[in-house]
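Notes follow once the structure below has been shown.
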Amino acid sequence: MDIRVQSAPFDYGQECAEFAQRSGNSGAIVSFCGIVRDHDDRSLTSMTIEHYPGMTERALGKIAAEAARRWSLNQCLIIHRYGPLRPGEQIMMVATASRHRSDAFAAADFLMDYLKSRAPFWKKEITHSGAEWVAAKDTDEDALKRW
Amino acid sequence: MDIRVQSAPFDYGQECAEFAQRSGNSGAIVSFCGIVRDHDDRSLTSMTIEHYPGMTERALGKIAAEAARRWSLNQCLIIHRYGPLRPGEQIMMVATASRHRSDAFAAADFLMDYLKSRAPFWKKEITHSGAEWVAAKDTDEDALKRW
Amino acid sequence: MTLEILYFAWVRERIGVPRETVETQAATVAELLRELCAREDRYALAFSDLSALRVAIDQDLADFDSPLAGAREVALFPPMTGG
Amino acid sequence: MTLEILYFAWVRERIGVPRETVETQAATVAELLRELCAREDRYALAFSDLSALRVAIDQDLADFDSPLAGAREVALFPPMTGG
């Protein structure tokens, strides 16, 4: 279980390569990467992610532990950035490794659903017309009921 | 839509990096990698994948086109190897890029389900006790009914 | 009881500070919020709609009626938007 | 009609060749298989259980009762195991 909360960029390709390298005994790897979209009608110029140091790592650890409890995982990686981000930059990634594909897919999807509304991150979008905190969606909360 | 059928190894990290590079206008990337498991009670020494040149590319193209019809995808990559493979080697990968996470996840899962039992690949496992063609599972066929 | 109170995102912006130390006898989070609201308008403004607010006690998500006994750190923030 | 017939995986191993050209008047895949089975034991052995067999006509998956009219290439193989 590898959890990293950082302001620095990460290298998605490199992380995927190393994760796969460590996963020779797994049949299946799923990875997800979230990116600041750079083409948007709201003309986003940048984004800032605020987080709650201490609680963030704790919340991500609990979410990962819950995934490991529900599915058979050989490995699990979560990287989430905070601070200022430009369009096109990678915000976060998760990766899961398992013997079977269904476990790796379900666990990655679960991690994403939970870290979206149970890990203390807040996104603020800066557009040409001002700065605004991203509102949580009802669908984010609803997504948790799937599990 | 990038589809490659090859005997040569591919670099999963490099492919993920390039895919992400091309996906700046997508918010979400999902990738999956299938690996020959190297720890198994059947003591697998190697695997050979046979395929049907011509039909393989055609079948993968149809599966990818169907995914693009069902979900909003900005990009889609399928790489599948054939020929001899050793334990720990990467067999195949898919990657999907979309504006929204749910599309990228569903499309990648769909691609995997379909290429598992609708693309003309056949796996033969070589163990200490001999060589055997991998039998298709009923669950593979059942998985298609999800979509 | 001495509590460290942390604010994040627009809650932090409305309160005007990222954290502060308060002396309180509040038994629950809800009581603490009522005390703060009575103190100054900026609290009343930030805490006017509890459905838009989330709370953590000692870095674990909690409810407004969660007891504060033994707590050292209470955080107030909007619904999270990670991922 | 001249057909190119391709075999894959254990079907190929049982038939003994990866491909062959046959002259046939068979109207469907099922008829073609019956013709081949009547010809030699190795075909009868490979095609004994149709439920374990899949077929493609001109590189598209087809059924055993699919018509062969206009077909150039028929492939016979076990259920696929990609991924």
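All chains are identified by letter, namely A, B, C and D, in their written order; residue positions are counted from 1 within each chain.
Just so it is clear, a residue touches a chain if its C-beta (ideal position, glycine included) is under 8 Å from a C-beta of that chain, and two chains touch if they have at least 3 such contacts.
Fair warning: this is a prediction, and the values are worked out from it, not measured in the lab.
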| item | value |
| --- | --- |
| Number of hops, chain A to chain D, where each hop joins two touching chains | 2 |
| Whole-Å separation of chain centres (CA-atom averages), chain B against chain C | 48 |
| Rounded Å distance between chain B and chain D, as computed from the means of their C-alpha atoms | 26 |
| Geometric centre distance via CA averages, chain D-chain C, whole Å | 72 |
| Shared-contact residues (touching 2 or more other chains) in chain D | 83 |
| In chain B, residues with contacts to at least two other chains | 34, 101, 112 |
| Which chain pairs touch, all of them | A-B, A-C, B-D |
| Complex contact set, residues of chain A against chain C | 34, 49-50, 52, 54-55, 58-59, 80, 91-92, 112, 115-124, 133-136, 140-141 |
| Complex contacts: residues of chain A adjacent to chain B | 11-18, 20, 23-39, 87-88, 90, 99, 101, 104-105, 108-109, 112 |
| In the complex, chain D residues that touch chain B | 6, 8-10, 12, 56, 59-61, 75, 77-83 |
